[in-house]
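In this document, chain identifiers A, B and C correspond to the written order of the chains, with residue numbering beginning at 1 in each.
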Amino acid sequence: MRFLRRVLNMLVVLLIVSLLMFVLVRVLPGDPVGAALGDGATTEQIEKFRVQMGMDKPLQVQYFAYLRGLLEGHFGVSLMEPRDVGTIVWERLPATLELVVCSLALAILVGVPLGILAATHRNGPIDQASRLWSLTGVSFPNFWAALMLQLVLGAALSLVPITGRITGPPPEHITGLYLVDALLTGNFRAMGDAARHLITPTIVLALGPLAQITSMVRSSMLDELSRPYVGFSQAVGMPRFLINYKYVLRNAFSSTLTLIGFLFPLMIGGAFVVEKVFAWPGLARFGADAILANDYNAIVGVTLVICLFVVVVNFVTEELYVALDPRIRLER
Amino acid sequence: MAVTSIGQAALDGVEPSEAAPVRKTGFRRRFARFARNRLALAGAICLLVLLVVAVLAPWIVPYPDDVADSLNFDAVLQPPSLEHPMGTDEVGRDVLTRVMAGARWSLSMAAIVLAIAVTIGVPLGLFAGYYGGALEQVLMRITDGFSAVPALVLALAITVLLGPSLINAMIAIGFVWWRSFARIAHGQTLSRKQETYVTVARSLGASDMHIMFREILPNISSPLLVAISLNAGYAVLTGTALSFLGAGARPPTPEWGQMVAASRNYLPEAWWPSLFPGIAIFITVVSFNLLGDGLRDYFSEE
Amino acid sequence: MMPDSLSLPQPSVQTPVIRLNGLRIDFHTGDGIEQVIKDVTLRIDPGEIVGLVGESGCGKSVTAKLLLGILPMPPAVVKAGSIEMFGHDLATLPTGEREALKKFVAYVPQDPSAVLNPSFTIATQMIDMIVWYESDRRLLTYFRKRHTRGVVARARDHAAQLLEKVYIADPEQVLRRYPLQLSGGMRQRVLLAMALSGSPQLMIADEPTTALDVTIQKRTIDLLKDLVARERLAGLYITHDLGVAREICARTYVMYAGTTVENGPTGPLLDSPLHPYTRGLVEAIPSLLGGLPRTIAGQVPDYLAPPKGCRFAPRCPQAFDRCRKTPARIEAAPDRQVSCWLHQTARA
């Protein structure tokens, strides 16, 4: 029952977003037709184009036509490259996913242990450093951090390539995720190549989330450590290690899980900038280009796909949260 | 803070006028307590300095002509020196001058975005939380919808559709940002509306509007203040990112994001015109975060 | 690793289970030094239940926390006095052995709903505790045993037996539950069962019934009495309810602002109190014979700047000049001690 309601909520949110974006691109003064045809277009050409794209019809008719198209898998034709937006999104998606997933993994793998250490060694040097880090880490403008890392790691030290996703030929296409494809086909040259390209954008995109995860793990651990059950476990002689890593961590982890649901859209937003700077051939760069070029089908399509991911990730993290934490599970 | 609320005053048995004289020493003590948090104090001081620089920029910058559109082709891309502590940019303007002038745009970005976001978000959150029912469902689903699109993406789209300019970027970000305040106001209102002072005010016959804006709002102002401070930093980050992508400020406006974008083509040889505006953004955002964090600690102690 | 001499505290009739002597504890806080415990002297003999009564904020819980080894130091600093547990001086005992003693101390906390971990079943929490007590305080041994099916099954049976000891009819059912799914009274029983999972010699109960409904309070107290008698435990029972103290405790210590001001067999102590504070407490009990209970005027002092001399003097109706100095603790009657100038003058 609850599950059904949540799925329904998800659909409602998607519907709202599609309506919002659809109306925005058509109502706001941006001129997609002019952008598509260029300045030299005659009134006649413009009129013909509008009829061709169905833009002469009333807004609600256009919207329902668009929704019907979506159900059949058509996102409409992109103005930048004359193909269906769905096809382009499908091609571009793996690059962005690879980048975002790697960044999220980096943020979790470093942030969680750092947060734990900070909380269990409260006011020690690690704690002070992690607190400073959680305030500064979220404050870097990511485009600037990207340029500076390119400057230092790429240009000055020549450790990593400056832009792009791969230098040599990409591995055989299976999932579209280069690391996975390279592993599956045993193509270790391509794997190393792809990994080296991934390093800088991954770090840039992970900076903010890493800081937020650290500070969330720290504060929720401290919160849990002050609970009576911790004092009780100590009073009956349970060892510190067991209390910290079995009891407290488990309870502190659930709040970190919800944070991940919150961080995901933030990272996709970050990818719009990072992919631009690194010339990363992903969905986010396509989205940024589409927005800047007033490519309205692409804008709506890309936003909807991103939104679908955000909603699904939120759904999954919340379900996991409920499943992991009996406090919430039992209250329902 | 609670002095403005009838319900609270009735509970405390304190007349509003009676509470007034103690305030001054109270303020001094509160400030002393806030100032104990060194980092927060540092953030507040940094912001104050930025504000002064922003206001006085036309008079105090070393090369007033370089604020906007001057060309000095004999002094292009000079590295930092005594004459130009941050070097010169691709058309020979003094980078320090432009960084100082840029403080204006970043602070106005924060102010305008937050003004718009708070004006839309807080009343919506209050209404949703206070009235509940179908209104709450509709308002919160719309908020969810807005939250499901990454802020930067939505703001970028709206800015470009409105026509790329700095003021449009501010409007767009403000229009995207209200959702954070709606959520906070909604959650806080839900937890506050059960409290005794609300019941008391209601039994005294206060109108819904009075209860929402005079009883509940003052009592949720601390979490809102913290959120405003923390969100100011993110708003600045988003604004500079829009300018960097070419949707916000246009050359020759000395906006930090735009400055980085204009100078990035001269990397890696000329690093200074890209480095310093970025540091300025970083310091501004860190200051807002330090302040917000300090305020949060301060209010949670209270 | 724990030496064999410590594996069982020798329950000789002579050695007191607990002996606190002239204990003084300061708290170093941001605002200054709080002199919370001034002079606590207290003895618990084997098999004896001793009460510790007083208002909130008198240092009763600090005393309990100290005995349980969970008083955070710093901010707390022991300035003077000695703490002996099962005949061992805790100050000279290495940390590991001090921790090992906890196995012999059963702790019954104040709020049964808060001290059970909400994320784990009763079974998990009890088995963890039982297996840990069997592991000689070694983590590796613990992890090996905790993942050995036979050991866990045995521990689970043991847990079920413990639950039966506290009259839980269907232990298997309770073991499967999360703390949230149990009633307050049931949780308190589970805690009592957990308290027995070591091999306790001493029970420390810190106001174990305050958080419970009145009806359940009575039953819990009966159960506690029953357990203490059956398991032959000594006990420290902290309460602000003199009626409960009279029912359970053989002897009682009255504590005010960090000093044990009076002690003696509970009946005589409450019937004919010597210290004005004890008298105040007794008179504050609502009586069936009518008359409003009289409260003690004033409140527990600020520990940052406590009154010099007798700390009760500012609230004491009988205070006089000498109260500005600290009175010595004197034997006023057989097994009855009091720290008050009134009685010293009487004897002098």
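The criterion applied here is as follows: a contact is a pair of C-beta atoms (placed from the backbone, for glycine too) under 8 Å apart; a residue touches a chain by one contact, two chains touch by 3 or more.
Note that the structure is a prediction, hence the values are computed from the model and not measured.
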Shared touching partners of chain B and chain C are A
Contact-pair count is greater, between A-B and A-C, for A-B
Note: chain C sits from chain A at a C-alpha centroid distance in Å of 54
CA centroids of chain A and chain B: separation to the nearest Å works out as 24
By the touch definition above, chain C meets two or more other chains at residues none
In the complex, chain B touches chain A at residues 39, 141-142, 144-154, 156-158, 160-163, 233, 237, 240-241, 244-247, 257, 260-261, 264, 267-268, 271, 274-275, 277-278, 281-282, 285-286, 289-290, 293
Chain B partner, complex, touching residues on chain A are 9, 12-14, 16-17, 20-21, 24-25, 28-30, 135-136, 138-145, 147-148, 150-151, 155-156, 265-266, 268-270, 272-273, 276, 287-288, 291-292, 294, 299, 303, 306-307, 310-311, 314
Residue set of chain C touching chain A in the complex reads 65, 68-70, 99-100, 102-103, 107, 109, 111, 114-120, 128-129, 132-133, 137, 139, 142, 178, 180-181, 194-195, 198
The chain A residues in contact with chain C across the complex are 227-229, 231-239, 241-242, 246-247, 250-251, 325-327, 330-331
